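In what follows, chain A forms one complex with chain B and a second complex with chain C.
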Partner chain A sequence: MKARVTVTLKDGVLDPQGQAIEKALQNLGFSGVGAVRQGRYFEVDLNGADPASAQSRVEEMCEKLLANTVIENYAVEIEN
Partner chain B sequence: MKAAVIVFPGTYREQDMMRALKKGGANEVSAVWHAETELPGGTDLVVLPGGFSYGDYLRSGAIAARAPVMASVADHAKKGGLALGVCNGFQMLCEAGLLPGTLMRNAGLTFICKEVHLRVEATNSAFTNGYRHHQVVRFPVAHHDGNYFADPATLDRLEGEDRVAFRYCAPDGTVDPKSPTANPNGSQRAIAGILSENRNILGLMPHPENLVEELLGGTDGLPLFESLGLAA
Partner chain C sequence: MKARVTVTLKDGVLDPQGQAIEKALQNLGFSGVGAVRQGRYFEVDLNGADPASAQSRVEEMCEKLLANTVIENYAVEIEN
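Take a look at the complex of A and B:
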């Protein structure tokens, strides 16, 4: 089983890296680009077959390490 | 004063720190490897020095904050023991939840390596009682992730409890959070260092340990180590 974890900055947290990417996209001529926010993505291979317990285990991993919940949100997706 | 300086893979400021602690009057200073599970008996002060622990993987200080030795560090601090985190050490203290907030990428996105001016805000602590209120000091900084962030309620609380130890400022002491020269990394409210609720933990981004001798350009950092030397 595999968990896909996406960590993103919370609303209201300034993201200067996202802003720099946004400017670079505009410089490349991409029109209609609004705000860009940079995040992180993890794939975690898991033993076991119960998606519900995998979900709660990975959420605990996010709380303890993968995300800094002062500034970041996380989303967990379990794939069988 | 018996001090323990914790060394992680990627730490490289521990020698400067140990030298500054000795110069400040600490009579016993030891280096402790991160894989230890206990601090040396009778440790009065734990120091998390600067460097790039674990290559800043995941987030600066994030992996180090979960190292085996950190449970003892937290235990020491929660019992009221003194703990100092400088630069990467400040990032670790925040990641470990021993200090509030976090250090984000510098607002200008560049690594900043230069001397900055700081205004001493809180003198009521074992770390800062050798300074005068609003004294302007000059410390070096060398970091990529020094942009202090916390939610407004936390910032208000830090200020209300006199827990902002140092702020970045202009050479004349003026604090201007919006100025890229007076607040070089864009920290919220120009915060450079904060104290814990019980005032026994200090985290700061600039390096007081690198200005403790005239030969190396000044002694503005020395009062911090001298007051620690007298603390226990």
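Take a look at the complex of A and C:
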């Protein structure tokens, strides 16, 4: 089973890296580009066959290691 | 309109950061964790109302800036 985790900055948290990418896209000639936000992405291979328990295990991994929950949100998607 | 972009390392490209996360999860007591791969995630706000043209514009952004296509794959998802 595979879990896909996306970790993003919470609204209101400054994202200078995203702003730099936004400026770079505009400098490359892309028009109509608004805000860009950068985050992180993880793919975690898991043993076991129960999607619900996998979901809760991966959420615990996010709380403990993968995300800084003071400033970041995370989303977990389980794929069989 | 918002585009969600995930950039991941191609199969066969070494991912030491993912391996470090895998070891850290095991050290934290998570069992049954297999390979972990790390990637990047972007949210790009776009003007315009045509999903097909947005998709092709964002794919061009990936080719030119967001991904290193020698070693990385990208996936684009458009959300209205």
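Just so we're on the same page, the second predicted complex is superposed on the first by the 80 of 80 C-alpha atoms of A that agree within 3 Å, B and C clash if a C-alpha of one lies under 4 Å from a C-alpha of the other, contacts with A are read in each partner's own complex, and residues count from 1 in each chain.
Heads up, the rule we're going with is that contacts are C-beta pairs under 8 Å (C-beta built on N, C-alpha and C of every residue); 3 or more make two chains touch, one makes a residue touch a chain.
This structure is a prediction, so every number in the text was calculated from the model and none was measured.
Visitor: Does chain C touch more residues of chain A than chain B does, or is it the other way round?
Guide: Touched residues of chain A are more numerous for C.
Visitor: With the two complexes superposed on chain A, say which partner A:Arg57 touches: chain B (first), chain C (second), both, or neither.
Guide: Only chain C; A:Arg57 stays clear of chain B.
Visitor: State whether A:Ile71 touches chain B only (first), chain C only (second), both chains, or neither.
Guide: A:Ile71: touches chain B, not chain C.
Visitor: In the superposed arrangement, which partner chain does A:Val13 touch: chain B (first), chain C (second), both, or neither?
Guide: first
Visitor: Contact-wise, after the overlay, does A:Leu25 reach chain B, chain C, both or neither (first, second, both, neither)?
Guide: second
Visitor: Using the superposition on chain A as set up above, list the residues of chain A that contact both chain B and chain C.
Guide: Common interface on chain A, chain B vs chain C: 64-66.
Visitor: Could you list, by residue number, the parts of chain B that touch chain A in their complex?
Guide: It is residues 58-59, 62, 66, 94-95, 100-102, 104-109, 149-151, 186 of chain B that touch chain A.
Visitor: Sort out for me which residues of chain C touch chain A in the complex.
Guide: My answer: residues 6-8, 18, 21, 24-25, 28, 30-48, 57, 60-61, 64-66.
Visitor: Would you mind writing out the residues of chain A in touch with chain B in their complex?
Guide: Counting only chain A, the residues touching chain B are 13-14, 16-17, 20, 64-66, 68, 70-71.
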